[in-house]
Amino acid sequence: MLTTFIPLGVTLVAAPLLPGLINKTKAAFAGRQGPPLFQLYFDLLKLLKKGAVYSRVTTWIFRAGPIVSLASVIVAALFVPLAGHTVFSFSGDVIAFAYLLGLGRFFTVLAALDTGSSFEGMGASREVTFSIFAEPTLFIIFVILARVTDSLSLSRMLTQVPLFGMPSMAGLLALIVFSLFVVCLAENSRIPVDDPATHLELTMIHEVMVLDHGGPDLAFILYGASIKLFVMIAILAHLVFPMQGGSPVQTGLVFGSLMALVTIVIGIVESAMARLRMIRVPRLLMAACMIAFFAMIISLR
Amino acid sequence: MIVPMGSMAGMCLVMGLVPVRFFPVLGRAAAAAAPLSHMDFQTVIENSGPFLSNVGLLSCIFLLVVALLFLIRRAVLLGKEVAQSSTWRCGYSGVTPRAQYTASSFAQFPVFLFRSLADRRVESHKPKGYFPAGARFRSSAPDLVLNRIVSPLVEQSLAWVSTLRRLQHGKVQLYLCYMFVFIVALFFWKL
Amino acid sequence: MEHFAQLLLISVILANLFVLGSHPLGACIRAVALQGIALGLLPLCLHPDERSIHLFIIALGMIGLKGCVIPGLLFRAIRDAAIRKEQEPLIGFNTGLLLGAVLVGLGFGIAGKLPLPPYTESSMVVPVALSTVMMGLLVIVTRAKILSQALGYLILENGIYTFGLILAAGLPGLIEMGVLLDIFAGVFIMGTVIEHIHREFGSISAHKLVNLKE
Amino acid sequence: MTVLVLLILIPVVVAGVSFAIRSDAWRPWTLVVAAVLHTSLVASLWFSNAWPSIGTWLSLDPAGKVVLSLISALFLAASVYAVGYLHRRLERPNRTFVTALLFFLSATSVVAFSQHFGLLWVALEATTLASAPLLYFNHNPRSLEATWKYLLICSVGIALALLGTFFLAVADTFQGPVDGALLLPAMLPRAGSLSVPWLHAAFIFLLVGYGTKMGLAPMHTWKPDAYGEAPGLVGFLLSGVLTSCAFLALVRLTQVCQAAGQMDFARPLLILLGLLSMGVAAVFMLGQTDYKRMLAYSSVEHMGILTLGLGLGGLATYGAWLHMLNNGLAKGVLFLTAGNIHRHYRTKTASEVKGVLHRLPLSGALFMAGFIAITGSPPFGLFMSEFTILRGAIGNGRWGIVAGYLGCLAVIFIGMARIVVLMVFGEPPNDETAPGPKDSFLTTCTPFVLLAAVLVLGLYIPPWLDHSLQAAAHLVEGLP
C-alpha cells in the first residue's frame, strides 16, 4: 500500500534538485563553479522562515494563487509514472492532467493581475499568449499517444509506448520528443522562451508575474515550478525510453540517470542558445505545434 | 440574491465531487430524451461508473491538497510578521489608478500575433513637439466573428425574410391563388 | 338522354368561358343563372332510370335557387351599388379566356388520372366539375369587384354541385344539405358583408381592401 | 344519449334566451350559464366514463372526448372573460355577438361528436358562419376587411373540403353501394377496398380545405388579419377551439388513411404542411410590428406542430394531442392578456407599447409567462408536448425534420422575444392621454387559471388524462 506512494515521495523530495542540476551544467559550460546543487533547497528553507508582505490592493485571490498552483501541480504529478510506477491512474486522466496544469497557470495569472501592476499584467499576458500555443501542442501529443497505445491514461500511454525500438516509428518519436521538449521549455520558463535569471521586468515572463510574492508564498511558487519541471522531464524520459516492471532499485537508477540526462540537455540548450526575442517565441511554439500536428497526421494514417 | 446563486454554485460543486451519485439520475432523464433502449442505458452507466468515481476522487484529493497547503502556510507564518505594503512599482512612484493595466492591454500581445484575423483598430495621436499639448491612443479589437460573419449573415437573412414578408400583401385574390397553386402542385406531386 | 346530359355539361363550360371573357356584370349574372338552370336539369338526365320525387325536388330547388333567387339578389346588389361593368380586371379578358381554356385542359387531365366510378352515366361529369371549380376560382382571383367574386364563388359551388350529382342517387340528402348550406354561407353572408363594405368604403372594389398586410 | 342532445341544444336554447334579453349589461351572463352547464355535463361524462351516442352519426370516441373537453373548458374561460370584456364595451350592442358565441359552442360540440364526414363538414361550415359576426364585432373598416377575407378564404377552403368529402364518398362507394357511406365506424373496417386514387385526391382536397380552417400555410393568409382585428376573446376562441376542431377533422381523415394502409401517401403531405407552416410562422415572426398578428403567426406555428406530430405518427401523435390541449390553454393566456393590453394602450403596434408591467402588472406578468409557455420553455406543458414530438421525430431517425423543427422553434423564440420583452419591460410612455381601463378581476383571473393549467400539464399529467390521450393516439394509429 505505502509503496504506491513512493513515486509521489520521490517527486516531492527530488524536484528541487533539477534546477540545481541545470544551473550546474550552465556553470560548467561557462567555466564557473556555480551555485551548489542543493541551492533551491536552501532558498526554499530561507523563504519559509521569512514573514509575508502583501500589497494593500490585493485580495484573497492573490493569496490563493500560490497555493492553488502548487496544489494543482502536485495532483498532476500523481498521474505521471516514475520508472513505470504511478500513484493514481484511470482512463481519461490525461485530460485531468492537462486541465490541472491549466488551472495552476490560471491562478498564477489571476494572482498576478490582482496586484494591479502593469509589469505583472504584461507577464500574465505573455504567459497566457504562449500557452495558447503550448497547450494545443500538449493535447496533440496526447492524442498521438492515445492513438498509438489505444489508451487514455497517462501512465499506460507512457509506459506502453511501442514507439521505442521500432525503426518505423523512429521518425514519429523524434517529432513528438522535439515538440514536447519545446513545450517543456516554454512551460517551465527556460531559455530560449524565458530566462529565469534575468532581472529586467520588461523581458521576463514567469518571474515578473511573481514579483509581488514573497516569503512562504514565493517558496510555494518556486517549489511548484520545480515539480512542474520534474514532471515534464519525467514524461520526456519515459517517451525516450519507456520502462515497466523490473526491480525497483534497478529501474529507479536507470530512470534517475535518464532524467538527469534530459536535465543536462536542457542545461546545454540554455548554455548554447540566447533568449529569443519576445516576438519570435510564438513562432518557435507554433513550429512545435505544427510539428506535433504533422506527427498526428502521420500517426492517424 | 446571494443565497440562490450560492446554492446553485454549491450544487455544481457537489456534483463535481460526487458525480457518481448524480449520473444515474441524470442519465435516466437523458435516456428519456434519446432513443436509447433500457439495456444500452444500463451498460452506459456501468461503464462510466469507475471513471466518474475517479474524477470525483481526484477533485476531493485536489481540495484536500489545497486545504493542506493552506494549513502549512498558516503554520509557517505563525508568529511572524505579516505586513501590508504597496505593490512593487519598479522605481516609479507616480502610479495612479488611471494608469491601469486594462483588458485590451492584456489582450494586446495575442491580438498582435493574430492581427491578420483580429481586425484591430488603432487610433493614435502621438505627442508632438517639445511640450506636447496632449496625446491619445485608443485601440479596439471588434468581435470579428460577430461583425464579419454573424451580423452580415443575420442581416442578409433578415433582408431575405422581409422580401418574403411581402407575400402577405393584403390582396385576398392572390391569397386564393396560393391555395390554388398549392393544390395543383400537390396533385402533380402525389397523384 | 346521355347526349342531352353532354349538351348540358358543355353549356356549363361555355357559361364559364362567357363569364371569363365578358365585362357587363348583368350578362355574367344571366350566364350564371342559365348555368344554374342547366345544372338543375342535369340530375334528370344523369339518372334517367330513377326519376324519383327526390330528384325532381333537387332539380326544382336548384332551378329556383340558382336560376332565379340568387341572380335576383345579385341584380339588386348591382342596382344598389350602381355598377354596370367589371372595369378593372386584374388580367385582361383575352388572357382570362386563355387561362380558362388551360383550366379546362387541366380539369380533364386531373380527371383522367382518376378511374371513372362505375355508376357514372357520363364520362364528362368529373372533368367538367373540376374545371368549373377551377374557373370559379379563376373568376374570384382575377376580378376586382367584390360582387364578381361572389359570382365566382357561385360558379365554384356549381362545379362542386355538378360533381355531387354523381353521388345524388347513392347518398341522398348529403348533397343538398352541403350545397345549400354552402350557398347560404357564400352568397347570403357575403351579400350582407358586401352591403357593409359598400357603406363603409363607398365602393365594392377589392382594391380598397388591402389595408391589412405586413 | 340525452347528454349529447343537451350538449348541443343547451347553447342553442340559451342563445334564444340571450337574443330575447334586452339589457346589454346582463346578456353576457347567459354565456356563463351556458358554459357552466356545458362544462358540468362534460365533467359528468368523465366521471361516469360513459360513451354516449345518438344513432351512428353522432357518438363520442376518445378523440372526440379530448376535443370536446378542450372546447368546453376554453369556452368556460372565455365566457367569464367575456363578462368583464363586454362590460367595458357597452358602447357596442352585443346581442349578435353573444348569440353567435353560443351558436359557435353548439357547432363545435357537434364537430366533436360527429362520426360522419358529411356532418363533420356541415358542423365546421356552421362554425365559420357563427364566427363571422364575432370577427366583425368592432364594426370598423379594418375589422370589416378582415371579416371579408376570412369569409372568402374560409368559404373557398370549406368548398374544397366539400369537394373532398364528395371524392371520399366516391372512393367509398366505388365498388358499389354500401351501407353508411362516409360514416367513419362503417368505413374503417372496409377501408381496404376504398378506391385508392379517389382516396388520394380526397385526401388532398380535405387536407387543403380543413387546413384552411386550421390555418396551415399556405392557406393561413386570413389568420393574421382575422386575429389582428378581432377582439382578443375571439382570437382566443378561434385559435384554441376552432383550430382544434379542424385538427379533429384532419385526425378523422388520417384514421381513414391509416385503415386503408395509405399512410405512406399521407405522411409526407402532413409533414410538408407542418414544416411549411412552422417555416412561414418563423419568417413572419421576425420583424413583426403588431403583437396581435404575432400571436396569429404563433397559431400558424402551433398548427404546424400539430400536423407534423400527426404526420410523424407513433409517439409524436400522442405529443400532438397533448400539444393541442397545451396550445389551446396557452393561447388563451396570450390572447386575453393581449386584449387587455390593447384596451389599455389603444394600439396594436408593439413599439408603442412599453412597460406593461408598470401599467398593467397582472396582464404584463401573465403575457410574459404566456410567451415563455407558448415558445415551449419548461416547466410549461408545451415543452413536454413539443419535446414528445421531437422524440417522435428522433425515434424515426428523421434528422432533416428534427433540424427544421428545432430551427423554426429557435427562430420563432427569438422573433417573439424581441417583441414581447420590449413590450413588457421598460418605462411606460408618459403621455397619460386617456389610457384605457386597468386590470380587473374578471379580465385577469381567466388567463391566470389557464396559465396555471398549462403549468400543471407541464409538471404532471393525471392518469385519467394520460389514458384518454393515449386512447386518442391509438385511434389515429388504428390500434385497439
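Read from first to last, the chains carry the letters A, B, C and D; within each, the first residue is number 1.
The rule is short, and it goes like this: a contact is a pair of C-beta atoms (placed from the backbone, for glycine too) under 8 Å apart; a residue touches a chain by one contact, two chains touch by 3 or more.
Remember, predicted model here, so these are calculated numbers, not experimental data.
Relative to the C-alpha centre of subunit D, the farthest chain centre belongs to A. Looking at B-D and A-B side by side, the one with more C-beta contacts is A-B.
As a whole-number value, the distance joining the C-alpha centres of subunit B and subunit D reads 41 Å. Between subunit A and subunit D, the centres computed from C-alpha atoms are 67 Å apart.
In whole angstrom, the spacing between the mean C-alpha positions of subunit A and subunit B is 29. Once the centre of each chain is set as its mean CA position, subunit A and subunit C turn out to be 90 Å apart. Along subunit B, residues 165, 168, 172, 176, 187, 191 each make contact with two or more other chains. Multi-chain contact residues of subunit C, defined as those touching 2 or more other chains: 110, 113-114, 137, 140, 149, 209, 211-212, 214.
The set of subunit A residues that touch two or more partner chains is empty. Touching pairs of chains, sorted by label, consist of A-B, B-C, B-D, C-D. Subunit B makes touch with subunit C in their complex at residues 165-166, 168-174, 176-177, 180, 184, 187, 191. Taken in their complex, subunit A has these residues touching subunit B: 48, 50-58, 67-68, 70-72, 74-75, 78, 88, 90-93, 96, 100, 113, 115-122, 124-126, 128-129, 132, 201, 211-212, 215-217, 220, 282. Contacts from subunit D toward subunit B in the complex involve residues 148-149, 152-153, 156-157, 160, 197, 200-201, 204-205, 207-208, 212, 218-219, 221-222, 224, 265, 268-269, 283-284, 286-287, 387, 391, 394-395. Listing the residues of subunit B that touch subunit A in their complex gives 50-51, 54-55, 58, 61-62, 65-66, 69-70, 73, 76-77, 80-90, 99-101, 105-110, 113.
The part of subunit D that touches subunit C in the complex is made up of residues 118, 121-122, 125-126, 128-129, 132, 136, 140-142, 144-149, 151-152, 155-156, 158-159, 162-163, 165-166, 169-170, 173-174, 176-177, 181-182, 195, 197-198, 201, 224-225, 228-229, 284, 288, 293.
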